[in-house]
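One chain, chain A, links the two complexes that follow: it is found with chain B in the first and with chain C in the second.
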Partner chain A sequence: MSAAILDTPLATPRAAPVRLHTAFAVIAALAVGFAITALVSDAPVRAFLALITGALPDIRWSDAQGFEVRRLVRFGSVVEDAITLTFLGLAIAIPFRARQFSLGADGQMFLAALASAGVSLYMPGPWFVVLPLAFTAAIATGFVWGLVPGLLKARYSANEIVTTLMLNVIAIQFYRLLISEHLRDPNAGFLVTPVFPSAALLPGLMPHTNVSAMLFVVPFVVAAGWAFLMRTTLGYEIRTVGQAAPFARQVGMPVTRAVVLSMAVGGAFAALAGVHIGNALLKRLPVDLSPGLGFEGLVVALLARNDPKAVPLAAFLYAYLRTGAQAMERTTDVSREVVLVIQAFIILFVVSQRLLPAGWPRALLRRRGNTALKLEQA
Partner chain B sequence: MSVETASLGMLVATIVVAVLRATTPILFAALGGLISDLTGSINVALEGLMLIAAFFGVIAAVHATSWFPGLPGWVYPWIGCIAAIAAALLATLLLAFFHLELGADLIVAGIAINILAAGLTVFLLASIVGDKGSTAGLHSPALPSIRIPGVDQFPILDMLLNGEGGRGHHVLIYLAFAAAPAGAFLLARTRYGMWMRAVGENPQAAAVAGIPVKRVRYAALLLSGLLAALGGVYLSMGYLTLFQADMTAGRGFLALAAIFLGARRPIGTLAAATLFGASSVLATRLGAIDIPTQVVYMIPPLFTLCALAFVGRRRGSLQRAAPF
Partner chain C sequence: MHTSATNEAAAIEMRAVSKRYANGTLANDGVSLRIARGEIHAIVGENGAGKSTVMKMLYGLEQPSAGEIFVNGVPVHFADPREAIAAGIGLVPQHLELVGSFTVAENVVLGCEPMRGLLVDRRRAETEVAAVSQRFGLGVDPRAVVRELSVGEQQRVEILKTLYRGARIVLLDEPSAVLTPHETGALFMALRRLVSAGCTVVLITHKLSEVRDVSDRFTVMRAGKVTGEWVSLSVRDADFAEVITGRPVPSLRVTRRVRQVFGQEIEQNKVPLVAVRRLALQGHDGRAQLEALSFDIAAGEILGVAGVEGNGQAPLAEVLGGLRGPSEGSATLDGEVFTGRGVRAVRARRVASIPADRLHDGVAAGMTITENVIAVDYHRPPLSRRGWLDVRAAREATRRLLADYGVVARSADEPIASLSGGNMQKVVLAREVASRPRLLIASQPTRGVDVAAAQFLRQRLVDLRDSGAAVLLISSDLDEILALSDRIAVMYRGRIVAHFPADTDAGELGLYMTGLRGDAATAATLDAPLTQVSTQASEQAGKKEMV
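So, the complex of A and B:
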């Protein structure tokens, strides 16, 4: 009964109600967030306005200066965040299409960032040698680390929620171990790798921000994710296994292989998020890179209904909220964790199948379909 | 008895006591998870429910002193305990409502509850205490320990029965190890337990036989929420006497692993929970030796993965895997 939520292929007539449902879910979740803010804050309206508008650039008109755009740094951080979240959303969405609840994006991202840092720090050469190698190392690492829970599930029927969470802990501890023992910069006052050489950095696009050439990579990655799912045999197998595993088995599809590879390919996409964080945003890796971004990938994937084409938009929306929350925390008495509450309710509302009352467009469309059918029969 | 055997016995007793303490929260959550799992509704939210209970227990116990002044001191922690259970049950009800009434996928909704718990506890912590890390600034009470008298002459026995310093074991440790046989009895010997297993086995058949499927699922989820809440209360009002952000540290997921590892049986789940408790004690013991802490933190998850693989090896392939 729950299979229908996690796959997306939506026939055109149903697409409009689904979009309505998603919009309703976001608005309802924001309303819950507002209610909780109102319980603890002295100025909930001001706080919520900061949350909603805090990420917007400030465009002003004055006679002397003409149009002036301010606060682009904040908008830049929305774009930076959206890029990372797009990769993580794809990383969660692809295993979801095979109905695998792989939550391993965090660990895959950390290890991939580490692999990319290794190449960036120790590989001399011009950028067109270093960068492709860094990407390759990261993607391979993410793929292999994603393969592990897949194999554990296929060979030993180990539940992937448990295994991916355990693997995350191992990966994050390994990351901390390697950075504090081997990759640390002895001249830095805290545990961090040396700054990557400029050949390993993605060139920046916006001054004062870390928006980088990775922005141009995003469309290709999204297209690759879409093409992988919709235009390859493996993608077809993954979708079929997710929608109807018994059917897939009956017609002789390699179900186990599809399950295993869906998780591994997800890992490869998570790896790109690691490269983005290391080689574009931070330009070095600190030991205390905070875990948990993988779960934000989950909300992005669900908002996009696991459709790769919709992932960037969902990522942008969520990045916008996150940046707004930071602005809210700085300017009001409400802490930014309220966004996690909103995130939880977005997920709950998005996956609720019977959320909108029966009289709403979906039923309307169905009725219209029925009348058409009756007319035909008559 | 020579001195060496005596000290060895003392060491063993100390370790056994530490394992009991580390097992208790995992065992509570695992028993709750087992009951809802056998009813066909896997509760992925155990982690978040524990966290919510741990938080509201401390906050309510501290604030109860100003809400109801003049009560005897031992009452306040119990008020906290009741508030903690109420809060966790409310969150469970949210999960059950979204799953059973609105048709939300139970696993995804459970993950959402975990995110909600992580966010809400830190959010309220910052709002109420003004600190995002912990309630260390508050003076929060613990639930009582039960001391068994009359064993002072036998140091090893005293250690086993009354723990370090002879203060006795925490009341929730006793309750956790009593809950295991009680849960087994409920599932195997009572009519409601049979209903639960019937609903988990084949909901359509159960409905035809006149079992109120939805009500049984609500009951099972709420029972799992209650047990997870007790695990959370133990963490913040027994194991430690404060709340820390993310203090459950994956114990709810270890509990899920314990259910699978224990082949979905009460005895197996108890054994698996004890194993996980032991692995965390081993990790802290190794922490005293000169190895990097990061390696120490890797031991329990690595252990869990190996255990899952070992059990799965006998159980077969994907075809007969867990039904999701």
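So, the complex of A and C:
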């Protein structure tokens, strides 16, 4: 077997080349993005600078007023988005590690936001009672809603891509029904819940923005996601099942259970995104909360190559580009769509592991290898 | 026929050829070798010695990083196999790549069919293929459907395929890996005929017996370099292993238990530790994969299962390992049924298994060595407490195990795929033995493993047996079965068709393996009669058990 000469050597991906590759993919996509910008804009350099620096706060020095920080709102929205996307990225990455292509983060997030809103609106008491309860209710909801496609897969071998998408539809319509029929604020001019009482809100950190104490929760959540995968028995099972299911079966791992629980745990992480949106960003839940965030979580997970530690970075990059895009749209003649195209390119480059970009670091290695060979011969 | 060093251009000559793969591995380091026209030349070496790389470069699958290759005295640079084929080089892959539902002729002409207008000229294909087969003495019927041929015949179809495409230099990669002794013999005769018809044969192998039996000369490779070239007849049998590995290989220490002759031992071994009774399994397609298998294994006994692959060995291992439940019958260990309850229940009764397909079932190739080592016992102390892995305990266990089995690894955190086949298999065996099994199901335990590692692994199996465990050894390597087993059961089409004592003649086993002989009602229980051996000599051997 091992002497079969048609066998290709097993690829053993190392961390460093992978990161190099991702960085290269991002740079290449930005280069393509610049080319596209140059095609559509009269002042491509300025437009592109807006894209790249538009999300940064503007720090100025003037003799009169000393340091002055402006445009914090934009940077705030980067952080806000990054937090939501971190949670959603983790929610996708964990089932991914069990090789489950679960797309249910949207539905899980909507229902969790609803659960959290229920607690926030109807549970009286100080913040240290309300908030933990809201979190618990949301996480439990996300977990259970994640469990459903897992069980469907385990019991009826229903494809998780289909079931999670359908469950998303059910969850979102249920969310709309509940907001418009039962939780709506009769005094508001549109379909929205009343503003949550302040005990249910996460305290803000930056003026003029909705960046909240959730920022401090993020490192713990990321660490929890990492520890879950790398340090718990269940996480080990999930990774093994994802890496080599026949092997997992051979050594007697509960493969089905690992698959089901990977989806449920993913749901728990998606729930945090729901809490963040309701209890920190919007402070109430509108009926037209737009679905689709879950797919951005998918992109983040992809960018992070399903490594929990890399998820916040990927989320930040994604959010940063998105805000930069808005800045570019507002301040230049380039439309936001171009940025969507650039984002799409980044994803294309990252997932095209064996296309051109992968050859780049390898070609470098080969060159080095050849020189070594020549040296040996000399 | 035997032309060692003549002035005429060699069929193949490599001069200082080096190959460095993109990942930095130096697979060939200044390899120079010369294969004369009209000889059978074996390239021998342990795994990772670089012989496969040589083959790949000769066939255009890889390109050398440095050095020159000459075919019939002409320098060549093959960019892909098509160019190699055009230069008259053909490759018979180890895993046969034929279309089962096609006829021999259809398979042979596949990709270069003689056409009549837009249609394949079937008749011409058949006559042409028959002519080539005739000319090279391969004796294959062009109209036979490939699926119905034996593996040995299919392999000859592969050879025919290369010849039909004009190959006069035939490369064979581990050709006997899938063959029975008879088929191997037939293959060797076919190779001899090829040579007398003017072909040159290059054989990659790590089996010493093949080198001795069929090759004129052989080149030994070790660690990417050629270490020498020998004329096969000039090397004594006993020296072969050392010539190839470059170091003395310790001989296997196997003491066999006496089974039928002397009083005490009979009693000791009469009680089966493992009893399998009328085990049957139906496949998903409703066909029987196992039929009424009955056998025993005593404590401290190795029962060898011989057979051509695909005759029910894999389903047997799966049922005993708990991956599948039997349709009928059961297996007991110490009187307790352990089949049909899932892998974990089976393992809880201390039944361990080494799967046949190492990279698919034996390891998680993308995970670290540590993560592979803990895969069986990860869910209980000391490796896991309250759902948390004890990383330090896992590292410690791995370190101990690697040291114990002499596994060479840069670090326990390396992906296991970075290990050689031999070292990887050591990790698998170590993991399974660490759970102190009472029954070990060892499927192809030394497949694709180099000579020294194979010997090591076999010794560990024997040691395990000597410590009182029952071992079911499933192997397509007859030499291995004969060297290790206390008793041998032969499987054919999902049944046990013969039951032999330890030192049976390989040829005799081969008759049963290919279904030429056999009794479907045979059981390999401890008190079952042994299959009567046909020849006088083997019959005597059967009585005189060694100690």
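Please note the rule applied: the second predicted complex is superposed on the first by the 316 of 378 C-alpha atoms of A that agree within 3 Å, B and C clash if a C-alpha of one lies under 4 Å from a C-alpha of the other, contacts with A are read in each partner's own complex, and residues count from 1 in each chain.
The rule we apply is simple: a residue touches a chain if its C-beta (ideal position, glycine included) is under 8 Å from a C-beta of that chain, and two chains touch if they have at least 3 such contacts.
This is a predicted model, so every value here is computed, not measured.
Touch criterion met: A:G252 reaches chain C, while chain B stays clear of it. When the two complexes are overlaid on their common chain A, residue A:F174 makes contact with chain B while staying clear of chain C. Of the two partner chains placed by the overlay, neither chain B nor chain C lies in contact with A:I52. Between chain B and chain C, the partner in contact with more residues of chain A is B. In the superposed model, A:I347 makes contact with chain B only, not with chain C. Contacts of A:L302 after superposition on the shared chain: chain B is touched, whereas chain C is not.
Of the two partner chains placed by superposition, A:L313 touches none, neither chain B nor chain C. Once both structures are placed on chain A, chain A residues 1-2, 5-6, 249 are touched by chain B and, in the other complex, by chain C. The touching residues of chain C, counted against chain A in their complex, run 18, 20-26, 29-30, 47, 51-52, 55-56, 59, 61, 65-66, 91, 93-95, 173-174, 177, 204, 206, 321-323, 342-344, 346-347, 353, 355, 357-367, 371, 374-376, 378-379, 384, 387-389, 391, 415, 417-418, 420-421, 447-449. Against chain C, the residues of chain A that register as touching in their complex are 1-7, 9-10, 12-13, 231-234, 236, 239-240, 243-244, 246-254, 362, 365-366, 368-370, 372-374, 376-377.
Those residues of chain B that touch chain A in the complex are listed here as 44, 94, 98, 101-109, 111-113, 115-116, 118-120, 122-124, 126-128, 132, 250, 253, 256-257, 260, 292, 294-295, 297-298, 300-302, 304-305, 308-313, 315-322, 324.
Interface residues of chain A facing chain B in the complex, by the touch rule stated above, are 1-2, 5-6, 36, 40-41, 99, 101, 103, 152-159, 161-163, 165-167, 169-170, 173-174, 176-177, 180-181, 249, 255-256, 259, 295, 298-299, 302, 333-335, 337-341, 343-345, 347-348, 351-355.
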